[in-house]
Amino acid sequence: MNIYRYIFRRLAGLPPLLLGVLTIAFLLSQVSQVDPLNSILPERMLSNPAAVAAAKARWGLDKSPLTQYFVYLQNVATGDLGVSFRTKRPVARDLMQRLPATLELVVAALLFGSVLGVATGVVAARFRDSVFDHAVRLFALFGSSIPVFWSGLVFLSIFSVQLGWTPGPGRLGSRTAAGPPITGLHTIDSLIQGNWPMFFEALSHLILPAIVLGWSVMGIISRLVRGSMLDVLSQDYIAMAKAKGAGGLRVLLRHALPNALIPAITVIGYSFAYLLTGAVLTETIFSWPGIGSYAVESARALDYPAIMGVTMLGGAAFLLTNLVTDIAYAIVDPKIKLQ
Amino acid sequence: MTSENLLDVRDLTIAFRTPRGYVEAVRGVDFVIRRGEVMSLVGESGSGKSVTMRALMGLLPETTRISGSARFLGQELIQKSGRGVHGLRGARMSMIFQDPMTALNPVMAIGAQVAEAIRIHNRSISRQEVRDRAVKLLRDVAIPFPEQRFDQYPHQFSGGMRQRVVIAMAIANRPDLIIADEPTTALDVTVQAQILELLRNLCAEYHVGLALITHDLGVVAGMAQSISVMYAGAIVERGSVEEVFYNPSHPYTRGLLGALPHLTGRIERLVDIGGNPPTIFALPEGCAFSPRCAFVQPRCRVERPLLRQVRSAYAACHFAETLPAYPVQEMQA
Amino acid sequence: MTAMGTPQNNNWAKALMSHLRRDFWSALPAYIGGLVVLFWIVVALTAPLWAPYSPLDMVGARLQPPSADHYFGTDGLGRDVLSRTLYGAAQSLPIAVVVVVVGATVGAVLGAAAGFLGGWTNTIVMRLVDVTLSFPPMLLAMAVAVALGPGLKTAAVAMIIVWWPLYARLMQSQVISVKQMDHVEAAVSSGVRRFRILWRYILPLSWTPILINATMDFGQVVLLAAALSFIGLGAAPPTPEWGQMISEGAVNFYTWWIAAAPGLAILSVVLALNFIGDRVRDVLDPRSTT
């Protein structure tokens, strides 16, 4: 079976899952105690019978739940996720505006977590049962045990408040205005515009939350890379490489690491779900204006349409990253046997 | 030590670190390999034959204790740090592994793996030249369409073809000594013969010494000039293939030859020798073979026999001369 | 959350015990973890005996840093942080137990039904599992909690909804692999009743991995429960709950002590549970023992 057929088959499996995600969201909205009209109309329009009737007709609220379900699917398909109670703006527009900040944070955290995770995993496997190995294990366990909403707080009070090494919360200083968005990621945008002071400011704001968030996934990656490195290092082809006269570093990096990284791809890709979970909390602590803090603000205000929009977006993003991960795995592993 | 000795191993002892302390897996092994000679190392699984050869290649874990001497081309291989040996490994001596299914890196193209063997020891030659030489090596080991197969991955090759690639890497730098660790055990019977034929021709052509680790006495008879029999980490009999096959002096060797089945020549299960080999954790007093020996005497249980000359070969048995005459067997080739 | 354990290693408890005896030093963190967990269980049951003050009353000046009177300071309403943290154990730990026990039971029952009955039951259950696992856990839990209205009970329901599919998937694959074992197929062909086969032949060989995974998931559940409370979807404000207390401390970076004690409490519990889980994984995962 070739790679294209595999990709095609995986893509074909995506729509049913997306439909399932939407169905769950719809069922939750049926369970919800909140009057759906609140999520469609601004408050002042609720007393206007004409507007209410129009909205009911448009959303099929006067019809059976099944009809409502199809109307709902149709609306979501056209990008209409309803109006937020809190911001009084379309949820879809809120989400698009918030997305780049989360993307920047999650990518930075994933970069930090996987680089550190892979590096420590490799060294821990090379010096198995050494002091370093045990230290890495402990560090990793701390990372997955510490609540990010607390470690963020601790880091902020140490590095920003006490030591003053990093700026406070937020994406940029309070007096800095972001330039016109290109990608919406401040670090990338400022690089494109060649605005170095802006780049360093964005980066210095990004470092602390990225470390806090990245630390939580670093442990899983480090443990997995260590395990698969140990597996690989005991293989004959490693002995073969040594017998060819390859030096220690070459054996480790050229022969062992690529083999050990293949299973790591899956874990790094799948850790996206943990990062989204962690981002919700990290963004709240760091006043990071992304999807995560939007979700928390909406949840605290019981802003139902907003929280459903976030959940749908999260589900879709999660499904897509898993798909990309599996395809990347299939491409990278030349010996993979696809059923 | 004569000048024609390629490899001269003296009193090689290897101890592994285990949770119960250091345990000797190889105890005082001596042997010599001459240029152009095929020396076979024979014994049951766990007798220490692979460990001995892996120690010479520097493939044992860092925690392993190795003592004794192994002089190769006048250089000492057993050193505290492996630095001096580094340039020899893969260049002047190389190794062929048992299972070609696992001996090749699955994520590296075949050509790149062969080219690496050349490149590591010749930093100065051009990329194109390395590629040309690698293709020529693949052709030398009779891989069809080497140009086309250069960029393919191991999983696209059959077992026999993979073993040819491994051999190509082993001869890449025209070594003086090749260590082959059961090179045909994992292959189909028909492919075995082809690989042995290839090895035999290459050894003759390049005039290299070959250390052949094997279970298969049929292979020994067909390829080797000298033989060393290992039991429980020590050599119990050593000599020319003719002498040892026709006139074995050690009861264990007799058992091995007696166990030689007439069709396949495999000795994986030694039906004629009762009992199991001892574990290295609990060696018996005296002669390690004494619990299984049909000719055992009281002395054997207290005094460990040393390897000593018996006729034109060497054997480690107190009663080598007084054993009953060996029935001359028909050789299987 | 990883699936592990084959039906064959049913004597895992014996393996675990012999390993713990043989390897005291590498098992030390797990022992310490056990002691810490035990400590918090005792605290959860007997907090009123230990706590110096009432957890709900104003017992000192507001926002006092740690002192001899208040070892972990006082919060914005003048309540003693240490007392609230000790009482908090009785809020944070039971919810994790409920979520893991109910989640594992629901998941195991549905997974066993899917694997044993096959056909439509299998399709429906496993599709539901796939779809539920398509959401990032935190976001789904938030959505459910908002839909049902905030509170400790709905937070528990939300977490059960997030967690059961993991056990269902594990149980389903276990039951299917046990179903194909020789002695089970022999029982089927000799006409043993279906229910009896499930009860006597399949389940005894299938449930251990569920138990192992449930043990290892405990830490994650404690974290998620605290996170939901931190956001405001768990325990309601006056209740001393750790996540809730941290959110009160997050208001101001200068009064760091408000969040210190509950944060350390969560960290110690989760770390202890993870020490135990890490050890269990090491002992039972065949890959790490070679």
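As written, the chain order gives the labels A, B and C, with residue 1 at the start of each chain.
As a convention for this text, a residue touches a chain if its C-beta (ideal position, glycine included) is under 8 Å from a C-beta of that chain, and two chains touch if they have at least 3 such contacts.
On a predicted model such as this, the values are computed, not experimentally measured, just so you know.
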item	value
Shared interface partners, meaning chains that touch chain B and chain C	A
Selected interface, A-B versus A-C, where C-beta contact pairs are more numerous	A-C
Whole-Å gap between the CA centroids of chain B and chain C	54
Inter-centroid spacing, chain C versus chain A (mean Cα positions, whole Å)	23
Chain A and chain B: spacing of chain centres that average the CA atoms, whole Å	54
Residues of chain B engaged with two or more neighbouring chains	none
Contacting residues of chain B [partner chain A, same complex]	54, 57-59, 86-87, 89-91, 94-95, 97-99, 102-108, 116-117, 120-121, 153-155, 166, 169, 172
Complex contacts: residues of chain C adjacent to chain A	127, 130-132, 134-140, 142-150, 219, 223-224, 226-227, 230-233, 243, 246-247, 249-250, 253-254, 256, 259, 262-263, 266-267, 270-271, 273-275, 278, 287-288, 290
Residue numbers on chain A that touch chain B, as the complex places them	235-237, 239-247, 250, 255, 258-259, 262, 332-335
Footprint of chain C on chain A - complex, ascending	16-17, 20-21, 23-25, 28-29, 31-33, 137, 141-142, 144-147, 149-150, 153-154, 156-157, 160-161, 227, 230-231, 234, 273, 276-278, 280-281, 284-285, 295-296, 298-300, 302, 304, 307-308, 310-311, 314-315, 318-319
